[in-house]
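Each structure below is given as structure tokens.
One chain, chain A, links the two complexes that follow: it is found with chain B in the first and with chain C in the second.
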Partner chain A sequence: MKFRVERDVLADAVAWTARSLPARPPAPVLAGLLLRAESGQLTVSGFDYEVSARSEVSTEIEQEGTALVSGKLLAEITRSLPNRPVEITTEGSKVTLVCGTSRFTLQTMPVDDYPALPQMPGASGAIAGNTFANAVSQVAVAAGKDDTLPFLTGVRIEINGDTLRLAATDRYRLAVREILWKPERADAEAVALVPAKTLYDIAKSLTSGEWVTIALSGEDGAVGEGLIGFEAGGRRTTTRLLEGEFIKYNALFPSEYTGAAVIETAPLIEAVKRVALVAERNTPIRLNFSAGQVTLEAGSGDEAQASETMDAVFDEEDISVAFNPGYLLEGLGAIDAPFAQLSYTTSTKPAVLTGRPAVDADHDPAYRYLIMPIRLSG
Partner chain B sequence: MDRPPSPAPLTRQAPSVLHVDMDAFYAAVEQQHKPSLRGKPVVVGGVGLRGVVSTASYEARAFGVRSAVPTALARRLCPNAAYLYPRFAAYHAVSTVVMQLLRELSPLVEPVSLDEAFVDLAAMPDGAPRDIEQVRGIAEELRSRIARRTGLTASVGGGTSKLIAKVASDAQKPDGCVIVPVGGELDWLDPLPVRALWGVGPATADRLRKIGVGTVAELRVLTESDLVGLLGTAWGGMLFRLARGMDARAVEPERPTKSISAEDTYPHDLADRAAMRAAVTQLAERVVRRLRSAGHTGRTVTVKARGHDFTTVTRSETFGAPTDDERLVVEAAIRLLDDAVPAATASSTGIRLLGVGISGLADYAQGDLVAELARLERALGAAEARAQAGAGDGGAPGDGEAGTGFAEPNPAGPDGEPPPGAGAGAAAAHGESGPAVPAVTLFGPVPVDRAARRWLAGQDVRHAQRGPGWVQGAGVGRVTVRFEGPDTGPGRIGTFRADDPDLEPLDAGEVAREALRSRQSPA
Partner chain C sequence: MRLVIAQCSVDYAGRLAAHLPSARRLLIVKADGSVLVHSDGGSYKPLNWMSPPCTLKEEGQGGDALVWTVTNKAGEQLVIAIEEVFHDSAHELGVDPGLRKDGVESHLQALLAEQIETLGKGWRLIRREYPTPIGPVDILCRDAAGATVAVEIKRRGEIDGVEQLTRYLELLNRDPLLAPVRGVFAAQEIKPQARVLAVDRGITCAVLDYEVMRGRDDPSSRLF
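So, the complex of A and B:
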């Protein structure tokens, strides 16, 4: 194998692929990146049996071939090379990398031991990369980190014609985002549960291309069953789906609300952060709503206390609701709108945060952040 | 909270720390409530195959029966004693009165268990006692007040520290009162075995014995660096000071509860997973009831499993936020059980003990949307369920207390035991938890009909015609009841069918409170 490639092109392809390499590989070969030079294309692949990643770039190939080298080392080397063309050559069981006056010799691992990457399922549709990344980050914030109940660590993807819906919950809050996309077929229908952290990383890394293709096998036994694939600008990645049922979350959204308050988002975030300084280890922050205002309170009589009052559009009966300040802040951050609307039924039932583009505009139900209040005993 | 600080022990002008210890408390309450047992050997504890003695009356102690002795051995030592299941609700009611008497004396009361507490007289509202004679007067007056209000005796010890006070209360048990003068501490400590010192368990005692140290006097020969070398910096230094009567621990009222737990030892090993799950479900429900009645929520659930060969395994899980949701705790407990059992039964089959605990206590509960969803789903199908479950009789006897009889003393202190009426709560909780797992007690499924219910030796009952009494024995479908109460003379017995509709269980706490009331209003 012998080929020449621009430093930036190589570094990007290697860095993106190496992202998915496992920190503690279950087998030594899985710490490697597979370089394949063939028909004018350099393919860089990585796989850990959960996530696969493959990046393709055009190159000048002098001699076709493949090599498996340490992914971590290759990523570090390519990142620090000077901006000159890179020449990579295999010599026996070694790979030589020359760039300007720098020269590296790397050991290779046996290519035959490397597992075949899973096949991508057929494409289901496409969505703008930035839109997708934003939507995923709005939802992934609510996913759980503790894998006791695996479905809590996933993002549920629901495809229903031209609507793509994402949902995640850690059982204390739930985020749901609906977006329009371009399905391959107008009657496309599919559901999947994707590990939230992986999905978040993938969506963030695929914003360079304009469109992201999402590939999800609709029926049993089809190619790529149990997988979801994403492709954008010469990069494709697959990840294994989580097993298990997601909760039937629609029932959680109250059909009617007792009332709602509208507050300017940025000052509210600042105030919650200040008041929460006395809320150690996420002890509750209380929101006391009364005519035209909300008072935030945290802390207890035995320890430090804080309170702050700010304007709110509110003309219902006074109500007091308590939340985990961390969950409240993440929700306020995720609505991504200048005004926040908090809709509630009672102080112990789910409350729902949505965004409003202006104080007198309708709220935007495309993103809903449902949050379970804290019940104070005694 | 402006609590007067507990003075440092070395600056006390008088031996003003009292240790109050009720004499053979559980057995004494039984003898008081059951006049026919007065002056006779009584053993309270786990009556099953693997039960251990909680308390033996002094009459039984004469035969060598002591706390923590296996009940099977106690039966051989003292076959004629009355073997009774503990009635925690009754002990709790009496304890509440004793603790109240102590608090009337000084705000600084530290309950150690239902029958034991420290009192710091230096915090007395009318001023601290100035000398040993005043302390002795206060202690004697306290003892007679306890006797008047409860009819029971307490031993009281006084000293300049908790260590000395405890040693003193033990010195002339029962019904004793020993106050150690300021400066006389070492005379009392010297002859004691090292085990008498606070914190010295079998491990430390063993290490000390290997270097020829058996008594406190011998311990005091060692230098601090000897002890630190032997036992480590913290513990070695602490023991060096304790051996000199220097005990800086303050009397701390209401030590905050750190965890709430319950455990059962089973008369026969649990072998199949369904029985274990049912048992752990019942323990989890019991713990949640106690958590709620204490106004707490908790974040960490721990399950303990002990295999046939005593391999003991604990597993715990921490929620993202504190909860008092029974469902969540039960689900977590079952997950942890499934994880713990293989480890506990790796080299032998069967589980002899299970326990469930909740820690990371808080006073607020994060709402849980999985549980909320389950509630919504239940509400949807509620009409149907109600029509079907309408026939429920709720006739389960109060099994809660009997079940706890085998548990180790729990760290929650006097408030940790199930509140009176826990039995009724149990029945209600089972009804609520729906189709999960069938509830069991120590003795099998919770009896839903009279024919299947169990009577426990010592349990309070009432017969429709013959009035109140207690279960003297039960078996082969029969139950023998002795008709007597705290305020009667020794009564007669009657034998009934176990499913006799005239026979109803009584709440032990209510029986005890009634006895305390009648004592207060002289007839």
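So, the complex of A and C:
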């Protein structure tokens, strides 16, 4: 194998693919990246039986071939190379990488031992990369971190015609985002449960291309069953789906609300952060709503206390609701609108955060963050 | 166990010298010969102490004043000058049963045996502490399809737990009436290294929620 490639092109392709390499590979070959030079294309791929990644770039190929080298080392080397063309050659069991005056010789691992990458399922549709990354980050924040109940660590993806719905919950809050996308077929229907952290990383890394194609096999036995694939700008990645049923989350939203308060988002986030400084671990921040204002309070009794009052659009009967400050902040951070609307029924029933583009505009139900209040004792 | 509360000053002469000025302190003389000097603070930690083997010599200096000299094999000395004794008592404690660190683990085992369906619908318990020639495996059960499953329970799932389960599985799989036996490694938390090893050996990992299993969970604090 012998080819020449621009340093930036190579470094980007290698860095992106190396992201998904396992930290603790059960077999040494899985720590490798497979380089394949074939018909004018260099393919860099990695796989750990969970996540696969494949990046294709055009190169000048002198001699076709394949080589498997340590992915971590290759990523570190390509990242620190000078900005000159890179020439990669295999010589026996070694790979030589020459860039300007730098020269590296790397050991190769047997290509035959490397597992074949899973096949991508057929494309289901496409969505703008930035929109997708943004929507995923809004939802993934609510996913569970510990795997006592594995389905809580996933993001549920539901495809229903031209609507793509994402949902995640850790039993204390639930985030749901609906976006329009371009399905391959107008009657496309599919559901999947994708590990939240993997999905978040993938979505964030695929914003360079304009469109991200999402590939999900709709029926049993089709190509790529149990997988979801993403493709953008010559990069393809697949990840294994989580097993298990997601809860029927629509039933968790209250059917009707007693009232709602509207507060400017950015100052509220600042105020919550300040007041929450005195909230001990696992203690709530209280939101006391009264005509035209909200008072934030935290701390109690002999401990440190804080309070802050700010304007709010509110004209219902006074109410106090208490939340875990971390969960409240993550929800406010995710609504991505200048005004936040908190809709409630009672102080012990779940409340919903939604965004409002302006204080007098209607709220935007495309993103909803359901949050369980903390019951106040006494 | 002898407890003495006294106004005393303490001098330590050994690898480094230390002096505690006169104050009220608790002196403990244990059956193993150790002597500890405690203040009314500092939690479990004595101000000064001498580990066994050592000898305690008590000398009267007339009146109430006493000097205890504790000497160890290396010749280091703890000299306690007692000015006034407020309390002096001795108690026979007998042999201590020792700390049971696996209390949670055996409780988890009992709970999981009762709620074996936590691991999967239709699972049935064969028995707890199923004997093997190298020791009992925590739980042996059958999954919904009737296949035998060995469960090893740990508080913290680490590499040695996986190794232990692997050894049990190897022996259990020699029994034609049970084989094939697969393994489930169940713990409150599983270390990433242990998870990799378990998955590599075809062992399923299960994270147990102790609070939920013992019914300490409050569903009203959650959405569902």
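Quick note on the criterion: the second predicted complex is superposed on the first by the 376 of 378 C-alpha atoms of A that agree within 3 Å, B and C clash if a C-alpha of one lies under 4 Å from a C-alpha of the other, contacts with A are read in each partner's own complex, and residues count from 1 in each chain.
Heads up, the rule we're going with is that a contact is a pair of C-beta atoms (placed from the backbone, for glycine too) under 8 Å apart; a residue touches a chain by one contact, two chains touch by 3 or more.
Since the structure is predicted, the reported quantities are computational estimates derived from the model, not experimental observations.
In the three-chain model built by superposing on chain A, chain B clashes with chain C. Of the two partner chains, chain C is the only one touched by A:D147; chain B is not. Of the two partner chains placed by the overlay, neither chain B nor chain C lies in contact with A:A261.
Of the two partner chains, both chain B and chain C are touched by A:T169. More chain A residues lie in contact with B than with the other chain of the pair chain B and chain C.
Legend: residue contacts after superposition of the two complexes on their common chain; A:A279 is shown touching neither chain B nor chain C. Of the two partner chains, neither chain B nor chain C is touched by A:A334. In the superposed model, A:R375 lies in contact with both chain B and chain C. In the superposition on chain A, A:P26 makes contact with chain C only, not with chain B. Once the two complexes are overlaid on the shared chain, A:P350 sits against chain B and chain C alike. Legend: residue contacts after superposition of the two complexes on their common chain; A:V14 is shown touching neither chain B nor chain C.
In the superposed three-chain arrangement, chain C is struck by just one stretch of chain B from 39-47, 57-65, 93-101 or 237-245, namely 237-245.
In the superposition on chain A, chain A positions 146, 148, 169, 171-174, 247, 252, 348, 350, 370, 372, 374-375 are in contact with chain B in one complex as well as with chain C in the other. Within the complex formed with chain B, the residues of chain A that make contact are 144, 146, 148, 169-174, 247-249, 251-252, 282-284, 302, 322, 324, 348-350, 370, 372-378. Partner chain C is touched in their complex by these residues of chain A: 22-24, 26, 146-149, 169, 171-174, 247, 252, 348, 350, 370, 372, 374-375. Residue ranges on chain C touching chain A, taken from their complex, read 189, 192-193, 196-197, 199-200, 207-209, 212, 220-224.
Interface residues of chain B, counted against chain A in their complex, comprise 1, 295-297, 317, 320-321, 324, 332, 335, 362-370, 372-373, 376-377.
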